[in-house]
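What follows is a set of structures to go through.
What follows is a pair of complexes built around chain A, which joins chain B in one and chain C in the other.
On to the complex of A and B.
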């Protein structure tokens, strides 16, 4: 047997180092609020929201390998369900966030149905159409959704007391840690392996007893759940929900975050979200240059790091290689 | 254990498998041989549920499996490998073998996303079983390597390990020796005989004569989809119909 290639330093050898780094990052995030002003805290909250978005979209686009663009629709569903359940039903913040997650999961399972029959560009068009259909619904079901003008969110309270900016930050941090952590656990289980097996070779997956259709539905449902959670947090953060927020430009933002971060990379999802939400804020100090610098940066990153920042780091730092990594690109 | 009765597969006007019947017993290595285009892989795919049979039936342990989906057939205890490499290239070798334990890993969805101890335990047990199988196949040191980075021969071994790990009762191997070095072929042959000794039935499609002769209990030779011989490896060497097919003269 050819043993000339070295055994990789894969997941078995990376565990403790990754755990230390995660603990340090978490400690830094917990210590953040006293060190930043309200605006910076708002930006940090936005980063947290988009971390969830990127993880949710990557579940389908990166891990399952399906060219599906319903992420903005799930995001909107989360925002509307959370907001409307608070406005109309008087739900508290946590039950409203949970309701958003459940509805997002159901919407994800529904959107996953076409993926059982079509793929590639056809699936992309169907999922984009679903997003536009949802926007039409937000505008025209104005008796419930308040139409094209949208609505303001009620005050956000937790256990009887209204949340300050710092309180919201800790709520967001908890939801994101749970959402990303649960996604990591899912990906490292037989379900995550099934996602990648379906992406790699459906016939082989089928022959191993992996129920391909069920696997696709599960991935879409989890993607919907996680992205809707992000939508609920987005509504809480901005205090306002309106249909124009959840269109094609929102979808494009999600897609760029995942492509820059790296398809099929959890760490890349988080890095992409932080970069794409943080950089525009940094560039705000250079009026006129903002769009140019941002666009050039995207081109440079994608040119020199075709697997995204997550893939680039994995190739340079073997201990960062994730268990279910994505070898190629563009074969979603 | 596996009963194939009058299996016929037609594609438009072409009869790829013509009235094929045979049975494979527990602990037996049964080989399908034949020149290219003889219908071996088509018969394999029809038995495994990947293509529908035009006529005939297939039964496993007395139960009909014709018309079942591949995943349903796998759940009954039948595993297979693919002629054109069914490796999951973007997974590590260990993850590839773990996918073979999909049906044997009793971890629920919510157990997995919450890190529930029973699910974590099930995952840990599955990993231990996968590592033991890699060890048995002599490729334990490749466990963390991306499967797509391996040589073709190594990938075949990973695929075979994946098929064997779940303790299947029938394993169908489609040309497993392609790309293997003579040493690896020998090792593969030993592994197949060990499996058969444990009671596993093995259905093999193979061209490599030394492997076929070393491991097979029975050999069935196909030509143009039809059975032309079914006998022991020793007999097949001297069968005039077989010699005619392979050498052009008896």
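On to the complex of A and C.
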């Protein structure tokens, strides 16, 4: 493998094959709703939500190489901002989703600030504290957030008509395609390549004239934005928002998806989300079993597939290789 | 009221100290921050619960059982799960301890579900009055045992030959290996010791709280807060930070608002890391982390 970062690695430059496959997948996704029942459509919608989550978390964990625990918090912020702006301010669903994305981006930049000063485990701990603090806020700011019981979302309407499951599916699909596509473009721009440079060697990146602090803030803000977007969709999908959804077990789900998909792989993130979203549905009725299965999966992946499904596939199928992923310890 | 708040804060803080000490010892000797330490704490309490209420053993026997079991557990985790990954990136090591944390929580939830189970107190007897301060015999036992354990640890590390060998091995594993110290075996021992320390804290606190699968999660954050306050990686710092946190929680609960008690630890972490990342006693170094 060549060791220099290629100057142009836009998605389009990876040959027509990838483009054809993306078009085929998109066509299949567009044709899906008539072929499935309501429950399967719900699961498909959940998969779309977690695709965004995985891409958002991968931004910080995989590309920037920082161990941050804030993605459940961003997810919660997205859900609360979207839900509360619809309940209290009477916003429509699209403005509410946009508001969630903006607040998520701001929260991401805020969480990125300590990342300028502390790294590694310190960052993990401070972001863990941030997530729990947000959860405390949802419970105790009950004048605004309706406290520990949570609240129900108002009906979701788009352009004046109530959204059905199929309508939600197309809305979600559009948001996910835009979110993942924009992430791919960002990653292949100079900013995205800077994420990887900072991950691989901060001092070297600095000496090459990369603004390390700005790079970190951008990565965190983008991660917050994408994950909050996912949170907004999650609230719309489930029609209910409550604080205990955004706790530590939500975080485990995010970690497992990203680790199974592969750190630093967009395709892997999507594959991980699709593979893992069906599981909680199957395991719902057994207390503790979801945690057991997820943690065992994570252990198996760490042992046998350290680069995740994305890394595994790109070592078999050269055309799937994502050029930004580089082996090495990183600095995290 | 002030004296009472401070004294019972010190009692709580002494349990945090044992938990934080267990994490710090492991961090110092292996550079791994163990996100499943809270679950060692929880498993200690559950080991007592199972051996007492299912097997019908006495308190002494159950405590011995819990300590030996957790020691074994810790070294098995090191040998089977952590050692094969020792050359993996640090994110993978952290992920492994996170996975274990959920695994242990899931297993105990599988058997106990949403039950919260009380334990008998370790000692009986009415409250003891010392001036304006009222203490339960349980509190005295908790604080006394914690103090003994902490002192024992410092004696071991500073004064004994084995303790000095361990310090050498954690400062430069490679150098220690060159002079003939069996570093993997020592790291294995430290995992066992750390798990046992977690279990001790669980055993001490279980009778006054309740036993449930999620009891470790909050304790983990409190231990992080204690370590951060005192200076991450410093052994005296962990103890000092833990006592400070215990008192701080009680003062805030007593004078400001009881709903703030649960976020004192989070706020402490955020404020300390932003304002003075080296904490009270720590030397600030950007470690391997």
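Going forward, the second predicted complex is superposed on the first by the 288 of 332 C-alpha atoms of A that agree within 3 Å, B and C clash if a C-alpha of one lies under 4 Å from a C-alpha of the other, contacts with A are read in each partner's own complex, and residues count from 1 in each chain.
One rule holds for everything that comes next: contacts are C-beta pairs under 8 Å (C-beta built on N, C-alpha and C of every residue); 3 or more make two chains touch, one makes a residue touch a chain.
All figures in this text were calculated on a predicted structure; none of them were measured in a lab.
Looking at the shared chain after the overlay, A:210 reaches chain B, while chain C stays out of its contact range. In the superposed pair of complexes, A:90 makes contact with neither chain B nor chain C. In the superposition on chain A, contact is made by A:117 with chain C only, not with chain B.
Once the two complexes are laid over each other on the shared chain, residue contacts for A:252 go to chain C alone; chain B is not touched. By the touch criterion stated above, A:149 is placed in contact with neither chain B nor chain C.
When both complexes are overlaid on chain A, the residue A:239 reaches neither chain B nor chain C.
Of the two partner chains, chain C is the only one touched by A:140; chain B is not.
Contacts of A:295 after superposition: chain C is touched, whereas chain B is not reached.
Of all residues in chain A, those touching chain B in their complex are 1-3, 5, 7-13, 182-183, 185-186, 188-191, 193-194, 196-197, 199-201, 203-212, 218, 222, 264, 323-328. Looking at the complex, you find that chain A touches chain C at residues 61, 65, 67, 114, 117-122, 124-126, 128-130, 132-133, 136, 140, 248-249, 252, 255, 259, 263, 286-292, 294-296, 298-299, 302-303, 306, 329-330, 332.
Residue ranges of chain B in contact with chain A, taken from their complex: 48, 50, 69-71, 74-75, 79-80, 82, 86-92, 95, 98-103, 105, 107, 109, 112-115, 119, 123, 126, 138-139, 141-146, 148-149, 151, 153-154, 157, 162, 166, 181, 183-184.
Against chain A, the residues of chain C that register as touching in their complex are 33, 81, 84-85, 88-92, 94-96, 98-103, 105-111, 113-114, 213, 217, 221, 224-225, 228, 232, 259, 262-263, 265-267, 269-270, 273-274, 277, 286-289.
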